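What follows are several structures.
Note that chain A is present in both complexes that follow, paired respectively with chain B and with chain C.
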Partner chain A sequence: MIKIAIYGKGGIGKSTTTSNLSAALSDLGYKVMQIGCDPKSDSTKCLMGGVKIPTVLDKIREKGPEGVELEDIVFQGYNGILCVEAGGPTPGIGCAGRGIITAFEKLEELGGYEHYEPDIVLYDVLGDVVCGGFAMPIRGGYADHVFIVTSGEMMALYAASNIASAVHNFGKRGYAKMSGIILNSRNVENEEAIVRKAAEEMEETVLSIIPRDKAVQTAEDQGKTVIEALPESTMADAYRELAKKVLEVSGNELLLHHRKCV
Partner chain B sequence: MSCCCTTENVFENSLHYSSPAHGGWGVLKMGHLIPESYTLFVSPAACGRHGALAARMENRKNRVSYLFLSEDDIVSGGYEDLLIQSVEKLIKHLEKCHNVPKVLTLFVSCIDDLLGTDHDALIRELSKIYPHIRFIFCHMNPTSTDTGVPPAVNIQNKNYSLLDVAKERDGGVNIIGNLAPLRSNGELFQILSDMEVSKIRHISDYDTFAGYQEMARSCLNLVVTPTGKYASSQMEKKHGIPYEMALTSFQTECVKETYEKIAKKLGKLCPQVLTYETKAVEALKKVAETLNGMPVIIDGEAIVRPFDLAKALLQSGINVQCVFEQKLIPSDKENYQWVMEHYPDMTILQPQNPKVTVLEKFQGECLSIGYSAAYITGAKHVVDIAGQHGLYGYQGIIDLAEMMEKAAKETADLKKLLDEAVIVV
Partner chain C sequence: MEQLWITLPALAPDYSGVCSAMFDLGGICVIHDASGCTGNYTGYDEPRWYGSSSKIFCSGLREIDAVLGRDDKLIDNVIKAGELIDPTMYTVIGSPVPMVIGSDMKGIAYEIEEKTGVPSFGFDTNGLGLYNKGVSMAMCELIRRFAKKKEEKISRGINILGTTPLDLSANSNADDLNEKVESFGFQIVGRMMMGAKIQQIEDLAKAEINLVVTESGMEAAKLLKRKFGIPYVVGMPVGNEMDVWEALEQTLQDKADRVVCNEGEDGDILIVGEQVLANSIRRSILNKNPQAKVCVGSMFGLNKQIAGKGDLNIPGEESLVELLYSGKYKVLVGDPLMEDLLSEKCNVRMVKLPHVALSSKLYWDEAVHFLREEMDQLIEEIIK
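And now, the complex of A and B:
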């Protein structure tokens, strides 16, 4: 099993990128699980036909900590992708970071990974690494690889730098390693050059450049990923290309070997 | 006084009241069961009060130090570094005192849960600096009370997690779940010996950490209290030691069934238990005669499964009128249902529900088994017992019956009993 965390500033297109990545990986024959780690809990919406699924924290609130079962929190979306949303507290109240920790602990306690045996787990994580809770997916036992989604906008790059810094800081503990930056284009002037320069300063590389394309909006309007709604589009090809690159840097040999054995 | 047949109505979630008689083994004391261990308790200052007072009163104060957290420690991101620095400072001090522990337990509070501390990484770091000391994180986090692994369950698991996998097994059996050792006069020891069990082990038997490792050699874990089940299931995974639920019961037929289950698990014949059983039945009969209809109140803080005891006493003709229990535990549900079916007027009260503070004191003679119920009802006679007091098997029934008889003949000085039992509010 390969576990990948995708971080980035809020609104930068993490969930869109992650969902399309999940769909592309799934189309390649891998069993994929996507875990949304964002209190607004819409990471997996486009994998679920535009429907928001109940979150782990919703279910804990509804059924009590001991009443929740895997079937309450894991849903099958496009092409059998396993979708989970950690969820969060009531806006303005509570602790979102603790919410992520609680959701992760619950999924682990219920044996989610052992039960479904996904080949690839993708954590779609909100914004900056603001506290221990949001750093959870980076930590030992969770993600092996971290990718950062950014545009050429200053605030997105600032957040990316913070995340890279957190991953590097944790490096000595054997946590997840930085595996590349994904440029989700916003048509900022000199965007590619800006992001490449920033990546260099972070001692990272730009793994993939996702062009800006209205296909994304068209697919989202249908509650789908581009891979599902517009599989013949050039944008779908861009996501497929991203999937291949992610596999390359995340140890696809292991996965291919695993597939052959199965 | 209340009467209800649904658990939801009887065991309600409410504001909590803590009577001066409420208490028992705190998590710190449970952690101190680990031989040659020392504790660094990490929490805001007020959270350490209970454990510190109890440690002082029970001569354990030289086994614990405190790191009190401030707002700055919590928000600055320096918490993990602070922990390591504090451990270094503490060990330096302990070295000077020639009191270096074999195990350092880091007790953290709910604050730590919110910070998402990476305990494994910290333990790895500390173990590199101090390879001769074992480190474990333990939790004093009452916010986990309603989860599958509440503090009392978690700490037992942590204690046994320090056992290394043994190279060889022997014919020993571990007793798991009870904090105080089982009373040595119990027939359990003879019965297990008759089943060719070579050694019966309990964590409290050991003075040294090296000696404690012997528990990993046992071939079976007997879980005598429900809080030990999780630890036993984890030991089964790590060590391959199977476990058998052998919960304390005051019903003679259940005791017999338990011994038969143990024998089956060990692949042995169950020895004759009729002599023991007869004595237990006689003891119950005798106490029923002594009490002569005196109302009896059972306290769930004294007896782990109070409805098991209620059923046993009611079947022996003893006038149980009231059971104090905060929350029904699954292994006592069947007994609860039996009690409510056969004695629908039975009063069930929650000792921590504020409603109990406005109850009228019990009028006339009555006997309380346990302190909290005694305090709340004003019972004149009190059985001096907390945390089940090592009672087990037929002899446990006999001993409890004798304690009841003794209590029924005396007017209790509850304050004295509480002081002697080190109940810290």
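And now, the complex of A and C:
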């Protein structure tokens, strides 16, 4: 099982990128689980036909911590992708970071990974590594690889730098490693050069460049990923290319395992 | 209102369980808290603290450190303390505030070990879990870390699993148990955890059998079974009863795991306390009066694997009160503090069996000696 965390500034297109990545990986034959780590709980919406699924914290609120079962929180979406949303506290009160921890602990306590045995787990994480809770996906036992989604906009690059610094800091604990930056283009002038320079300063590489394309909006309007709604589009090809690159940098052990099984 | 406790005090928490388990190993234990949790453990949950040289510290967590995420400060202080003390290991232990801010106790321990080269453990305890969970977590981590595969087996070698003063109190129960085990021709390999040493943990696999004397030892027994195939007997020897000793002999022969005694019938006598001890007391009652109806109840999370059919999980004081006033029970065996829950109205007779995990220091000097005549007397008092 490879575990991958996708971070980036809020609104930069993490959920869109992650959902399309999940869809492309599942089309390649891998069993994928996508876990949304954001109180907005809309990470997996486009894998579920535009429908928001109940979150882990919703179910804990409804049934009590001991009453929740795996079937309450894991849902099958496009091509059998396993979808989970951590959820969040009552808006304005509670603690979102602690909520992520509670959701992760519940999924683990219920044996989610052992039961479904996904080949690839993708954690789609809110904005920045603002506190201990949002660092949970990169702690021991969770993600092995971290990718950051950014555009050439300054705020997105500041957030990317902050995230990279948190991941490097956790390197002292033997945790996840930075595996690359995904440029989700916003058509900023000279965008590729800006992001490549920033990546260099972070001592990282730009893994993939996702062009800006109205296909994304068209697919989202249908409650789908581009891979599902417009599989012949050039944008779908871009996500498939991203999937291949993600596998190249993080999936060698998985590919070897698959070869052995064959 | 399950968590409304009016008469009974808060039960010993998970961090006290971890500290109690680690107490004899010569390491530094640091509870990551402002000081209340450490004070609770050293002042109320640990009889050995008074006059001991064990190295239990409070991290002195302050609001600004929590807000700023100053793991570095904790790590530096732990390492500085270690330079003066030269510990065998470091243990960093969580409390409510680290839980709320999501402190990564295992990650902190990893960094301490990287910097010092000394084995280090981190526990995500939070003060909401109970002591038995903490003891269990600590034992399992120590086994995973230190226990080694051994070709050589010691004939009648035995590990005693689950001893802490939270269950065995401040009297000589642990020593009595060791002596009695040896008097039946066993050689004790590991004393987990009262009297534990790292070398003993490394050698645990040399034992032929494990004796689990408290519920806290159950997960460790199962882990040792999975890792090294050591069978186990669950039972606390009480008074002159032979059941545990007979079960040990049978298990040595057929290698089957055994629990003494998890058969019972709800009604008449309710024993509320440590589950394994309560099971053994029930066995003793049934030996003397096979018709007796004896039920075991646990306020520390009923472990179903060692529970009888009608045994009860008692999640809070209110549930216990409901049971006592249900008219079903004539005798309550439990900590003396439970007496305050009784009145003439419920017509239940109280037999006192102090439990440190509930009443802490209040009765630990009056604790029953499990293996001595006074336990037989206590059982006579129950069935009279």
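Here, the second predicted complex is superposed on the first by the 256 of 262 C-alpha atoms of A that agree within 3 Å, B and C clash if a C-alpha of one lies under 4 Å from a C-alpha of the other, contacts with A are read in each partner's own complex, and residues count from 1 in each chain.
Rule of thumb we're sticking to: contacts are C-beta pairs under 8 Å (C-beta built on N, C-alpha and C of every residue); 3 or more make two chains touch, one makes a residue touch a chain.
None of these values were measured; they are calculated from a predicted model.
Q: Should the superposition on chain A be reported as showing a clash between chain B and chain C, or a fit?
A: Taken together on chain A, chain C would clash with chain B, as the superposition shows.
Q: Counting only touches as set out at the top, which of chain B and chain C does A:I210 meet: first, second, both, neither?
A: neither
Q: So in the superposed three-chain picture, is A:E109 touching just chain B, just chain C, both, or none of them (first/second/both/neither)?
A: The first partner, chain B, only.
Q: Go through the superposed model and pick first if A:E66 touches only chain B, second if only chain C, both, or neither.
A: So A:E66 only meets chain B here.
Q: Output check: A:R98 vs chain B and chain C. Expected answer is one of first, second, both, neither. What do you get?
A: Touch partners of A:R98: chain B and chain C.
Q: If you stack the two complexes on chain A, which partner ends up touching A:M136: first (chain B), second (chain C), both, or neither?
A: Both partners.
Q: Does the superposition put A:R173 against chain B (first), chain C (second), both, or neither?
A: After superposing on A, A:R173 lies in contact with both chain B and chain C.
Q: Just to be sure I follow: which residues of chain A are touched by chain B in one complex and then by chain C in the other one?
A: 95, 97-98, 101, 131-133, 135-136, 139-140, 173-175.
Q: What residues on chain B touch chain A, complex-wise?
A: 113-118, 120-121, 124-125, 146-148
Q: Give the list of chain A residues in touch with chain B in this complex.
A: For this pair, the touching residues of chain A are 64-66, 95, 97-98, 101, 109, 131-133, 135-136, 139-141, 173-175.
Q: Using the touch definition up top, name the residues of chain A that touch chain C in the complex.
A: 95, 97-98, 101, 131-133, 135-136, 139-140, 170, 172-175
Q: If we count contacts the way the header does, which residues on chain C are in touch with chain A in the complex?
A: 69, 99-104, 106-107, 110-111, 114
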